[in-house]
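Sharing a structure, written as structure tokens. Questions coming.
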Amino acid sequence: MKKLMNNVNAYVDELLDGLVAAHPHLERVPGTQVVVRKQLADKVALVSGGGSGHEPAHAGFVGTGMLDAAVAGEVFTSPTPDQVLSAIRAVHRGKGVLLVIKNYTGDVLNFEMAAELAEAEGIPVAKVIVNDDVAVDGSTYTVGRRGIAGTVFVHKVAGAAAEAGASLDEVQRIAQKVIDNTHSMGMALAPCTVPASGRPSFELGEDEMEIGMGIHGEPGTHRAPLAPVSDVVNTLLERIFAHTPAKPGDEVAVLVNGLGATPLSELYIANRAISEQLAARGVRVYRTLVGEYMTSLEMAGFSISLLRLDDELIPWLDAPTDAPAW
Amino acid sequence: MQPLTAEAFVRVMDAYAQVLAEFRDVLNELDNRIGDGDHGTNMARGFSAVAEKLKASQPTTPAAGCQTVAMTLLGTVGGASGPLYSTAFLKLSAAWNGRADVDEEALRGGVAAALEGIMARGRAAVGDKTMVDVWTAVQRELQTEQPLDAQRAVEAAAAAALATKPLTARKGRAAYLGDRSQGTVDPGSLSSALWFAELFAAMSEGVVKPQWDLSAL
Amino acid sequence: MKKLMNNVNAYVDELLDGLVAAHPHLERVPGTQVVVRKQLADKVALVSGGGSGHEPAHAGFVGTGMLDAAVAGEVFTSPTPDQVLSAIRAVHRGKGVLLVIKNYTGDVLNFEMAAELAEAEGIPVAKVIVNDDVAVDGSTYTVGRRGIAGTVFVHKVAGAAAEAGASLDEVQRIAQKVIDNTHSMGMALAPCTVPASGRPSFELGEDEMEIGMGIHGEPGTHRAPLAPVSDVVNTLLERIFAHTPAKPGDEVAVLVNGLGATPLSELYIANRAISEQLAARGVRVYRTLVGEYMTSLEMAGFSISLLRLDDELIPWLDAPTDAPAW
Amino acid sequence: MQPLTAEAFVRVMDAYAQVLAEFRDVLNELDNRIGDGDHGTNMARGFSAVAEKLKASQPTTPAAGCQTVAMTLLGTVGGASGPLYSTAFLKLSAAWNGRADVDEEALRGGVAAALEGIMARGRAAVGDKTMVDVWTAVQRELQTEQPLDAQRAVEAAAAAALATKPLTARKGRAAYLGDRSQGTVDPGSLSSALWFAELFAAMSEGVVKPQWDLSAL
């Protein structure tokens, strides 16, 4: 394991220090792994978070018009409820707090417990659960789909609505609308190594790729021989279009998300195929994001997220934000 | 069965922390096969903090001890298992409130309440290949066998853990594996069975704790 | 070699297609590997470029207030003069063109020839040569220092001055001032693989790192055993401070640049050490950039660049830009 | 020495393109050791385009042919070697302007002009471990030996290329290696020596081209 770090046990603590040092409009809630905006507005507050190792998610999305706080767990481990509660307390300004939770049992349970504790303190808390990953979606189990990179669209759109003064109910409705219209799927070429374990999260042959890979190395639909990226894009889009409500003539936002080690050049090559294939499907691309938004340490691979847009969502998507990673 | 005092409870939790340190890699390995490989790390981190907290706070009742366990787990474990074990101990604490020690009847009520809490929080049913399978097995023993045979209860917990092996997970991270989750014992079930072994051994002399054949997990 | 691509010979062509598809304010000059702003302003034009494989450099820095055109060579190979000439012709609006060239023989020669051809056509061309890499700086050879990630500061500051209407001489002077005040040094943990060759660019043992690594895998000062990142940062800063004019009390901009495969979390951990060590040296950090600005495909590692600021440079550094990668 | 006609020039460039295809991996390997490993790819790409262009354009004078070579290299090679070889052929073209063929005197003037062009552009001196070393050796042969012994010139070029091996590079990408650039023949010197071998062989019957011992490079 080759990593730029000092102490494996201080990995999250040190990265959060380095993050607030780089972004002076952010600060840590002392004694916690919570990053908040220094200037809080008198509005509904948005809190998200999850395990670390997905940087810039989520602290990189804290800023005007996006999140008010991000809670960082250990690498790939959901944060504890007391941490989430600290975040809720730190950002609540009397208008209530929306929790944006990715659909993992650990995340859901820890955020839910924090919500109960906060409500016991009289803080109105609403929540939405993001489940954009169409790779795992079957009737054989009942946990539902995972939340992956499409979560960033929820932060952006709901954050902009909150910044503009929408009520907690309204922000929750808009966030849920984004979730209902966001569908993602990823793939991986090479694993990552969790610092505490020091071992690669999985093994893939030199000519293999994993289709449907989650952001913690959870497997997806199948393992397949390495293929040209245009074919890979086709596989991912086929499955996304089995779920997205986007039809010919609709407008979408596209997120081409790198998992960590994949060069931007390759993401652009993928985006070329994506834009061609969306055009062939008659879907119009309103806006495209290409880069690293929700990573898996140094995993190689990428995911595609589509958000179907309408006249309500577009202005919030385009609204200004000073979140460093948008 | 001898009633569990506050001191005995602290000893149980101390012994359990040691067992978890021993089983950390085993639990991680099971979780690695069907989850994200951190169940051993999570549990060892949480319960070593619990053992220290209990030593420092010297609870005067089992209920107070359980309260400390619940709060400590809440702030140290994270993941799926953190809130679930925390909920279990919170429910045990509520069930045992006002008692100096825990007798068989209190245990019956406590385990039922804890299981209900775990199920309410995690929304898993028996057979979903989670710790619920083990807690349910123990709860059934407590319901059906009165007075309880502690050795049978320990073995029922172990058997329930082993019985998760062929199942397809329907809750938790392992569920994303679908059929590929078959063939591995659920790590949370094993960690629960390990706890019941310590608990019953403390409440009944001569209980023989299960020998785990690691290659069979 | 595991890459998201279709055809090794179309690597650059496809990535440029994907880039302009993602960024609608950019377009390609037809039949070339040149990316330009669609809306050109009536001002001094800035052109930069070099081999590909350093994405987002340089096309990601094309936009209002930064570059007007970026020329992309084959992966790690300087572009040819005719390509550079196409860029110059495409963006010249009567006020002259500044070429921002990184100090490699190939880049210098090809850009210089293009400049001569453009001047023969009556286009006033000025140039600056960026040589921020203090890793290689000795009296035994005469090629001077290499140009690496600090180049981005030149694009930003000179681009902002040009956007504000400064003359060609003035933009050149400001660019040169940035160069004189920018010093960088990098290190690598793992190599990259040029698509056309399919082989790793160098080999490093499991416990080794290369200090002073260039952005094409050129070696630097020495190979050393893997060390805590705080020590690595100290090594790099020591050498940078042997060259930078920044003194205690001065203000600097800091660029913590990932080489491709290094997770953002690790860059933040590095930035924590950097900000502590700069504070210890009495140097004030005016602004910090952390991310991938000039990469080496999927090389693992990072570089630090310091730009010493003054009252003239700060406003240009902070001026708005719509370049996607700033 | 027999004067080089336009047709002979085209044949030289065609033969050289084939030699470069053969030596591509060797040149890449040398460049890999002390540069970025692309000199063979760059040269093979550029001169195969040159061979095609010349076949298509059928130049009527060596000067016109050199002009085509220069312009083609300019748009296909890139890197350091592209502008340098392009400059060399541009200077040859200027020096041979108006001539139907190239005799020894024209060759002398052409090589001197080309070398001057390479040095003006690349700012390298003899001994800096670049192609300048090879062009200088040939230019010296042309200056000192009149009439020229083509075989000696070819051998002088090869010897100059081999003589770059122990040198420390002071120009080009290899210079960043400092002392670590010692012990490898400069790839641009080898590619130049290969060209002179083709050129002189075409201008003088019976010239024996050097045998390269790859393990000695």
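Every chain is named by a letter (A, B, C and D) in the order it is written, and numbering of its residues begins at 1.
Everything below uses one rule, namely that a contact is a pair of C-beta atoms (placed from the backbone, for glycine too) under 8 Å apart; a residue touches a chain by one contact, two chains touch by 3 or more.
Please read these numbers as outputs of a predicted model, since none were measured by experiment.
Chains that count as touching both chain A and chain B, per the definition above, do not exist in this structure.
One simple way to say how far apart two chains are is to compare their mean CA positions; for chain B and chain C this gives 56 Å. Centroids built from CA atoms put chain D at 79 Å from chain B.
Each chain gets a centre from the mean of its Cα atoms; for chain A and chain C, those two points are 29 Å apart.
Taken as a contact graph, the chains are arranged in an open line, each linked only to its neighbours along the path. Every residue of chain A that touches chain B in the complex is listed here, in rising order: 51, 73-74, 76-83, 104-106, 109-110, 112-113, 136, 138, 140-143, 146, 194, 196-197, 201, 214, 216-219. Contacts from chain B toward chain A in the complex involve residues 28, 36-38, 41-42, 74-84, 86-87, 121-122, 168-173, 175-180. Remark: chain A residues 2-7, 11, 14-19, 21-23, 52-53, 55-56, 60, 189-190, 206, 209, 226, 228-230, 232, 256, 260-273, 275, 285, 288-290, 292, 295, 297-298, 300, 302 touch chain C in the complex.
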